[in-house]
Amino acid sequence: MSVLSAKVRLRRRAWFALWAAPLPIWFALFFMGPMLLLIAMSFWSVQNYRLTPDFSLSAWSYVLSLDFLWSTFWRSYGLSLISAALVSLLAFPASYAMAFLITPARRLTFLGLALAPFFTSYLVRIYSLQVFLGEGGVLPQLFHSVGLSGASLLNSYTALFLGHATLTLPVVLVLQTLALGNVDRTEMSAAVNLGARPQHVLRHIILPAARPGLSLGVLFAFLLSYAEFVSATYLGGGVFQTLPILLTDLIRGGQQWPRAAVVSLLMMAALMLTSLVTVAWAYRQKGN
Amino acid sequence: MTQPLLELHNLNKSYGTFEAVKDIDLTVDTGEFLAIMGPSGCGKTTTLRMMAGLEEPTRGDIRLEGQQINDLPVWQRETPLVWQNLALFPYMTVRENVEFGLRMKKVPGPERQQRCAEWLERLGIAGFADRNVAKLSGGQRQRVALARSLVLQPKVLLLDEPLSALDAHMSIRMQGELKRLQRELGITFVYVTHSHSEAFSLADRVVIMNAGRIEQLGTPQDIFLRPKSRFVAQFVGGISLFSGMLKTTREGKVGIDSADGLLQIADPASVQTGTKCDLAVRADRINVTTQPGWGTNEVPCTLMSEEFAGAVVNLHLETAAGTGIVAQLQQRDLERLSARAGQQVYASWHPEDGVLLGVTALKAAA
Amino acid sequence: MNTHLKHALPAWTWFAGLTLVFVILYAPILSALVFSFSVDRFPSLDITRFSTKWYAQVFADARMLEALKNSLAIALSTALVATTLGFAAAYADFRFRFFGQRMVLALALLTPTVPIAVLSLAMLAFFSRIGLSGTVGSIIVAHVVVATPFAMAICRLRLEQLPREFETAAQNLGATPGQALRLIVLPHAAPAIGAAALIAFAVSLDEYAIAWFVGGLEQTVPVTVLNTLQGQVDPTIHVIGTLAFAATLSMVFAAQMLLLRSTKSHKNKEVSP
Amino acid sequence: MSNFQYSRRALLKSGLAAGAVLATPAIVRAQEVRELTMLTWAGHADPEVVGPFERAHNVRIRAKEYVGGDQMLAQFAQSPVGTYDVILADAEYVSQLYQADYIEQLDLADYPFDDFFPEFQKFEGHWYDDGLYAVFLHFGFLGLSHNLDALSRSEARNYRAMWQENLRSKVGQFDWHLPNFGTMSLIEGNPAPFDLNAAAWQQVQDTALTLRPQVRGFYDYGGTLSALRSGEVAAMPGIGDWITGVLQRDGANVATTIPEQGGLQWTESLSIGKGSRNQDLAREFIRYMISPRGQVATATLKAYPAMVPTRAGWAMLNEINPNEAARQNMSLSGANALDEIRAGRIQLRRLPVQQSLESWNDAWVRYKNA
């Protein structure tokens, strides 16, 4: 209800729509469109190697009855969760250094440098890592020279993890550094003033205050690692069967895109659920 | 009868189920200095913003010089606002800030510069014209904000707690200047504040708002001397309140039968006995003695604390029934009293100094 | 900076962590740089000879040039559209309260949860049904979907720092909503808009999976990298990586300068009264 | 010297012949440049391959390179009709393209099949209901590819070498079920390795599982190149000269041996996409690719070398690049690669006959997961 005339209301709505409408329209057309098609596609059938619109549950029943589906699902989930946690741990000292030990002007430069590789061809960096870790590569040679085995590091979880780190480190670094940088300095001084030792300040002041940023870092690392298949192929050697790998494998049964659609809907469901839980946890207030 | 400048008719604003402003009727005359006062969340700023066109009323009319302006968008209203945080544009110099409105109104260059210069001069900030607004002191920023609005020669200037960011000293200085400017220019000011001293010292009329409604509208004296409700009395402060039942004694005296005994009042004609009502007594009308027997309405109480406020002292007393009483004494009266906290004292006042609250409301209801 | 803050561990441990992270980030890039100058087709530590022959091969390849042209055109358009859409949505979210506000944000933030291989096929299938497949335009449309969430997030964060009164104050002084936006909001948001555009540009420039699917015959640089990596492996991958990194690094520095300048001037201006 | 002159004259002659063939549609030259689109494996649209055709027909070839037939099929299926004029596909995918009705029937008379070696004249994967749907472009043998430092040629004469203790975790596999299960089937001695009854199929899977502990990883095309080159893996079954030939060119000590149990043959062919708007040009292009010049370019492809099916192609290769002809054993006089086929040592790689494609795929996914 409003006291304004229809003309004025229309003019206001038009101005509002000018800003509010473009993105939803674009996404409704070019994102929701494909997504709905994807959902529809999970009910299609394949006849003579041809994807045919249909209403068939065969793709769903096929995928859900795969005996290794859930082991793959949990392996995929677990590996990316471990990677996300490890990347976060790996990044933490660096973020801490950038947030507390470097001047703000320098911090911006460091953040830029941390972010730069993120936008450099990811494929190239994975290929380079393959060269780095493979038989006779830099790292095995280095290990060999200090008396270790010198065997190739590829097709191991270490290699896969480095691939995940290559993808996710920059994002995690930026999120962590911003989170730590926003921790209230007076609160920290107050704690010190009250006799808290540095370890306590870290545990009871810094970490809780930075929790949203730190958990978002874990979440992003998880999201990116979960959907990752390039390093799973080139560094993991395809021996870690994850959902993205399963997805490409399924297609090879003769244009089985409906099955791939089912797997990706499962993946999306898992990701959305995880995101919701993490975000809710990250922004949960103490004391309700 | 002259046309009122600004009229609000039955103005309402709700956000969902929350009613921020309820049935406001208000007229503002040309050249008047009107203050709207109330606790935070009472709807005073919302009312002001509706005048400026920053909020759109849910119901009701706003008229400027008799013309309904509900439909007029903000930028066509010519009701400039001085913001609580000033909202000076950080990417512009003082001059650019002041010229901003003129540019928007497409005032030609020479006239714009001349008017801008005139106002910079008038507010004593010509020397800072090309400085970045962030590099000014609080008082200077205040003047820029005023100049920015006044340069538009508005019929009415809206001010939203404009002095709240200043320190006490600067605030008092700016109050004086505001008053002077308003007198000189003859512009209508609508001034929102939560400070009594600002409202009472500046305004011709004061509106007290509570929970979206107007509680009382009147001159500062009216409100100070004759608060209409318990709320106004409490909000204005320095008033002691007693509640009880209106009663006629066997001797024919009329008073309030309160927990602190029967308190006499002077003018009972307008009320019926048997109704519940509140009695307000202003602090400067209360007499404090160490011995009883000084006045008509006398209540024994305990001296709780003293509060120095310059030349006067506020004594906080508490009766046996737990009613709080404030009494304002001159410094030398206090010395004469020579009482200490915790000591038994007597508060007394003349029946003429007691004001019955909520009477009109009762009459209307009856 | 709080210089007297005591840390839970000595400073060198934190710096060691920082160094380690940068080594992990930059080792692959450094390796790409070195091997891009190796004459051998397959990289190994005993490099036969250094040469610029792979650079010459990249520069002489007409298809590569075309791919580069496509990539730049796509990335520029993506940056333009994604930034416009992202800013508009961020501004709408900042300025207005409306039904479904959270839905819009959720919709935009849903994109990163879709596995890219399947998103690509879904887009190809959808685009070909609406007659928009196999063109540079279809890659742009798809990249905008991927890049807009980033642009929106950046603009939204920056707008949050703009006191809401500024814009209404301008309108109160007679500026139309358009003028207020142009004179008050845009100058404030300019660095974020710049950064958003750069990031959208970079996201588009590095995307290969969707580009392969929806691009049809139109090739972009990352698609040629993908083809080389999956097919005829050769050091042109390293060359492209090195060049891309050089380009990205300079863009990041440009963004830095923009942000740095704005923070500086912002700081100067925000001395509390 | 005289040899040189001879080959120059021969070159001129064949060049003129090719020119004559190509001269017919020369009238189009006056017109604007036409476009011919192609969906192909890597390397087939390199300028040194298609350049002469482009110039002769005033046409520009635009190629979409794919890796993996399923990507190719998806791309074709989801693109508007007529997007791709020419498709280069593995023979197994030609049958899928045919069943999905994505390719045009060809006219036998348009192509010089007389010049093909007899075994390729009526290649089974190209004919459906007596109709021709694809033209044989090139082929190669798949055996055991191995690093000579780790596995000698004589050891590689038996696939069983992969089970050796020293190859534990050193065997790589190309990530596709057909060549791998096909090889297992050869090891099990099935005369028709893809035509298996239930018991034989089960036996193939069981044998495969015994190899699984030796396997280091599963690789795509590029990954296979890198893994064999770096020594990451020492042996790969079901791989051929198309990989090791490339690595040899780069100086790697690798080779492909066709073990005693036999090898497989891969085949790639050219088809015309359904609804192509440039069918005449597509036909000319296929004719060019099986002309001697096209055949030589194909045989010496930078991305992967392979054998070609035409006599004229062999002849020209022997003239202008005798070393490569010898390396690939494409000798016109004396013993050559075709003898392997004739001796029955080489079986066609093809879709499973008694099982569905998806059951092989399922088995492969299961195997990888084991």
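Lettered A, B, C and D in written order, each chain numbered from 1.
We take it that contacts are C-beta pairs under 8 Å (C-beta built on N, C-alpha and C of every residue); 3 or more make two chains touch, one makes a residue touch a chain.
Remember, it's a predicted structure, so these values are computed and weren't measured experimentally.
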| item | value |
| --- | --- |
| Top chain pair, ranked by how many C-beta pairs fall in contact | A-C |
| Far-end chain from subunit A, centres as C-alpha averages | B |
| For subunit A paired with subunit B, centre-to-centre distance based on mean C-alpha positions, whole Å | 56 |
| Separation of subunit B from subunit D, taking each centre as the mean of its C-alpha atoms, in whole Å | 92 |
| Distance between chain centroids, defined by C-alpha means - subunit A, subunit C (Å) | 16 |
| Separation of subunit C from subunit D, taking each centre as the mean of its C-alpha atoms, in whole Å | 40 |
| Touching two or more other chains - residues of subunit B | 73 |
| Set of subunit A residues in contact with two or more other chains | 131, 136-137, 234, 257 |
| Multi-partner residues of subunit D (at least 2 other chains) | 74, 220, 226, 230 |
| Chain-chain contacts as defined at top | A-B, A-C, A-D, B-C, C-D |
| Residue numbers on subunit A that touch subunit C, as the complex places them | 15-16, 18-20, 22-24, 26-28, 30-35, 37-38, 41, 90-94, 96-98, 100-101, 103-105, 108-110, 112-129, 131-132, 136-138, 141, 162, 165-166, 169-170, 173, 185, 188-189, 192, 198-199, 201-202, 223-224, 227, 229, 234, 243-244, 247-248, 257, 260-261, 263-264, 267-268, 271-272, 275 |
| For the subunit C and subunit D complex, residues of the former touching the latter | 40-42, 44, 62, 121, 124-125, 128, 131, 133-134, 213, 216-217, 219, 227-233 |
| Complex contacts: residues of subunit B adjacent to subunit C | 52-54, 73-81, 83, 85-87, 89-91, 100-101, 104-105, 132-138, 141, 148-149, 152, 165 |
| Subunit A contact footprint on subunit C (complex, rising order) | 1-2, 5-8, 11, 13-18, 20-22, 24-29, 31-32, 35, 43-45, 84-86, 88-89, 91-92, 95-96, 98, 104, 107-108, 110-119, 121-123, 125-127, 129-130, 141-142, 144-145, 148, 152, 177, 199, 202-203, 205-206, 208, 222, 225-226, 229, 237-238, 240-241, 244-245, 248-249, 251-253, 255-256, 259-260, 263 |
| Subunit C contact footprint on subunit D (complex, rising order) | 37, 41-43, 47, 62-65, 67, 74-75, 78-80, 83, 220-222, 225-226, 229-230, 246-247, 250, 252, 302-304 |
